[in-house]
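This structure is in structure tokens; I'll ask about it shortly.
Per-chain residue numbering starts at 1, and chain names A, B and C are given in the order in which the chains are listed.
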Amino acid sequence: MTMSKIIEGLLYSESHEWVKVDGDAATIGITDFAQKSMGNIVYVDMPEEDDEVSCGEEFGAIESVKAASDLYSPVSGTVTDRNGDLDDEPGLLNRDPYSNWIIKVKMDDPSEVGTLMDAAAYEAFLAAQA
Amino acid sequence: MGFAYFPHTDEDIKEMSGRIGINSLDELYADVPRDVIYKGDFDIPDGMSEMDIRRKFGEMAGRNTGLTIFAGGGACDHYSPAVISSIISRSEFLTSYTPYQAEVSQGTLRYIFEFQTMMAGLTGMDCANASMYDGPTSAAEAVMMSAACSKKKKRVLLSGTLLPQVLDVVRTYARFHGIETSEVPGNGGVSDLPAIGRELQGGDVAGVLVPGINRFGIIEDMEGLAEKVHEAKALLIMYSDPSSLSVIRCPGEWGADIVCGEAQTLGIPLNFGGPYLGFICCRKEYVRKMPGRIVGETVDADGKRCYVLTLQAREQHIRREKATSNICSNQSLMALHATVYLSLMGNSGLKRVNELSYGGAHYLHARLMETGLFADAFPGRPFLKEFAVVPRMPVRELQDVLLKNGYFGALPCGEGIVSFCVTEKRSRSEIDGLVSVIDNSFRQR
Amino acid sequence: MRYYDKLIFELSREGRQGWSLPENRWEERPDELPEGLKRKNSPGLPQVSEPDVVRHYVNLSDMNFGVDTGFYPLGSCTMKYNPKINEEIASIPGFACLHPLQPAETVQGAMEIYTGLAGCLCSLTGMSAFTLNPFAGAHGELTGLMIMRQYHISRGDMKRTKVIVPDSAHGTNPASAAVCGLQVVEVKSTPEGLIDMEDLKPLLDDTVAGIMMTNPNTLGLFEREIKEIASSVHAAGGLLYYDGANMNALLGKVRPGDMGFDIMHLNLHKTFSTPHGGGGPGAGPVGVAAHIAGLLPSPVVRKAEDSDMYEMAENPDGPGRISGFAGNFGVLVKAYVYILTLGKENVKNVGPYSVLAANYVKESLKDMYRLPVNSLCKHEFVFDGLDMDNAGTDESAGCTTLDVAKRLLDYGFHAPTIYFPLLFHQSIMIEPTETESKETLDAFIQAMRAIAREAATQPDLLKSAPHNTPVRRPDETLAATRPVLSWHPGL
């Protein structure tokens, strides 16, 4: 597998979600590594607006033809938006996983992101996994 | 001595053993602890020739009594056209596995796609799966599906007018799966819609399971139910007889979200209870929570239209403990049976089946009433091919008289009520015969 | 095989019919039903003549591959020969026309078959009682786990809600456990592919309901430490569940009951020769040891207490009802015919001949395909793809297991099971069964070897395979992204 792209300025979870933090707003997606290991993504199961998500718990799933992977929320809070484009075109996550976010969350406790990795740490984490 | 299903000659065995490097077949089990190897004799008879088999099973079949069937109760004696057995006995269908290798399974995949289309059309739903084991297990799966769709709610309402075996199987699955079931007793022979409405008000209900045609044969009027169920953010599940849906209002027209039921009525032989054919259909927004195999259309590498198993990420071999269901196979050959049946029948043939069944059933009902030996169990309720009456004689005596004369009818369905079922297979003279047996046996007493 | 493109709906013409039914002479008609109860829109069924229907489905059958067509080495599926006498017997009217609710005195012959078959299965497996009600292997598993939970519940031992499943297990095991409300705990495999006893022991606490095992396991390997596993699990208060998917390896030679299993299911469509039918109907009888023989689901078929008559009864102590009636009777008849045809002597050869065939194929191919566990196998074995070194394939050719499988179709064989078990990335799981001749096995071996050579010399031949099938490499991503699940006019 070729090197996975990692973006500076985002935070990363061990289950390969990325988070962009802006005050108490968190935008969540999956990393390039995650989309590569899934292969062609055919469906994204996302929560609805106003649903609650909790840190470390499932909030949805992504499916390829022969695999399924649960999505774990890196933060706790309320869903403020879901990326409806993914309903029609889940393959967007393969094309560009960083510009195609999955959900936006208003965080209950923004300090929770403190446990996430920065780009350098995530790169080291991926290297250690290989 | 040779055996017809083992091609191995002594020479073959020797050569094969040589390649493996063993001297006797016992060495193939060298990794099995000695005390686990079975050395005794099996308590089964000596092998039988094909002639012996025919004789023995012929004798056992002779210890069953062939009866003229006037009973339903979840298994109906519909006619099976000759074409069907000719098609479903073809080796290419009969001896194939689940269509994993799409390139050499287009036959199976295409008929399943046709089956899905026909079932979706009959029920008025957007999609169907490739079939389930039988009606009651399809209901259990539909109930679990409704809970999965709602995510958090774990309570399901069951109408007491469903067939008893449907209620039983749903309750068994639900109890182990962790779903609370509440039975809402019927009222006057039909589902108690006001009571269901009251139960819904708690806001904790994931699904409501009601029959299209109920255990007494009554065609239920579900006016307004879907709205109430949807207001409570629950799903309406209907248990249907697909054969009836060419004439009676279909679940889609009632506003159902999930449809399950028994498709044995599509010409599948009674078979002492199986193999039958369960099914599940649903609206498209719930398809990814649907259990079982699903076939979809796509194109191949050359752009040709073709069919594959799809949406497999729902299934047990990928999702393991998070799968929508543990079901692997469907009842594929029975789905083929139903597909060929519906291809032959079309709208007009299925309508004729229902006209003949309806006509015969209403004729029998009228004749039984004329004897003065029966009362209507639920006067004025509309029925199609099965109806419930209250006999004035003891049920067991009635059944015995019928059996003695070669009829099976008067199926007990609780509280002194019995049901009769008439399909297109029953002629006027058979019906007249049944009535005169009852009349002669009980009138003069 | 020829490509045939039609769907039945595309043959439909207004005014055609394929049915032959009596005229309707009844006075009462469904038209008289209340308007609100009548169907308004058309169900959209096709209108096709009988000859067109027949030709259509015969054309479809021509695009299918069955055991009767050719060798079908699909691992874990036991694609053995399906005897024709089975079909004939199951269809005789004395069985096929019985209503499931007929009174017991009119179905004594059917119940004799039910109890006769159950008795044979008890003897062949070392179990004490069988229910034949489950419709399939997965259904049997679920029923067996319900019995397991019922056992603990009946003893007031409510906290046993965990079930241990090996990491090599088929996905159905954890799925059945979850449907049954049990939590799944995985136990690891050793590098030899067997259950890791050191990993197992710490899991055995007082919350364990039991363990689910396939033996031989999904790698085709016999779990040698089965007796120790059994005594450890029993000592911890759990039960052993035997997934009979691989029973063909042991039939006539080793009995699950003697290994210490308490509950098991069989797949009659695997081990007992009933046809798979393109994915059912099957049958998944569940057997139980004597100490839980009273916990079978309703209805149970048994001898009545005060007579020689068989009867069908409810069992209030069991988990409840798991099927509308008493199972796929038509399938049960076929399995019983098979067992009686085999008889007590020939049945002893089923397991050994199937194991002989598997080891023969394995030994004949292991120089060209990577064999992760090089030891005696049972009825099946797993390769982890082409052996790049020995087959001479350089890495750049990059032929995968999928390519090998697709190329096999060109050689006229069904492909083995691929990408299962999940323990390896390129799994090819081969199960030849005892009904295949040495000539057939040799032809398969030759084809597999030829494919390995092609992978080295003409990799594109594999990557673009199959070439001789009606369609090739359907676009599964498209199918799953934009699901088209039914036909619509003008589609």
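Throughout what follows, contacts are C-beta pairs under 8 Å (C-beta built on N, C-alpha and C of every residue); 3 or more make two chains touch, one makes a residue touch a chain.
What you see is a predicted model, and the numbers here were worked out from it, not measured in a lab.
K.L.:
State which chain is most central when centres are taken as means of Cα atoms.
P.N.:
Answer by centroid distance: C.
K.L.:
Give the chain pair, either B-C or A-B, that is connected by more C-beta contacts.
P.N.:
So, comparing the two chain pairs, more contacts are at B-C.
K.L.:
What whole-Å value do you get for the distance between subunit A and subunit C if each is reduced to the mean of its CA atoms?
P.N.:
38
K.L.:
So what's the Cα centroid distance for subunit A and subunit B, whole Å?
P.N.:
Here the centre of subunit B sits 43 Å away from the centre of subunit A.
K.L.:
Round to the nearest whole Å and give the separation of the Cα centres of subunit B and subunit C.
P.N.:
20
K.L.:
For subunit C, which residues are shared contacts with two or more other chains?
P.N.:
Those would be 476, 480.
K.L.:
Got the subunit B residues that touch at least 2 other chains?
P.N.:
Residues 311-313, 318-319, 322.
K.L.:
Check each residue of subunit A and list the ones that touch at least two other chains.
P.N.:
42-43, 63-66
K.L.:
Which part of subunit B faces subunit A closely enough to touch in the complex?
P.N.:
Against subunit A, the touching part of subunit B is residues 288, 311-313, 318-319, 322.
K.L.:
Considering only the defined contacts, which subunit C positions touch subunit A in the complex?
P.N.:
419, 476-477, 480-481
K.L.:
Once bound in the complex, which stretches of subunit A touch subunit B?
P.N.:
Of all residues in subunit A, those touching subunit B are 42-43, 45, 63-68, 70.
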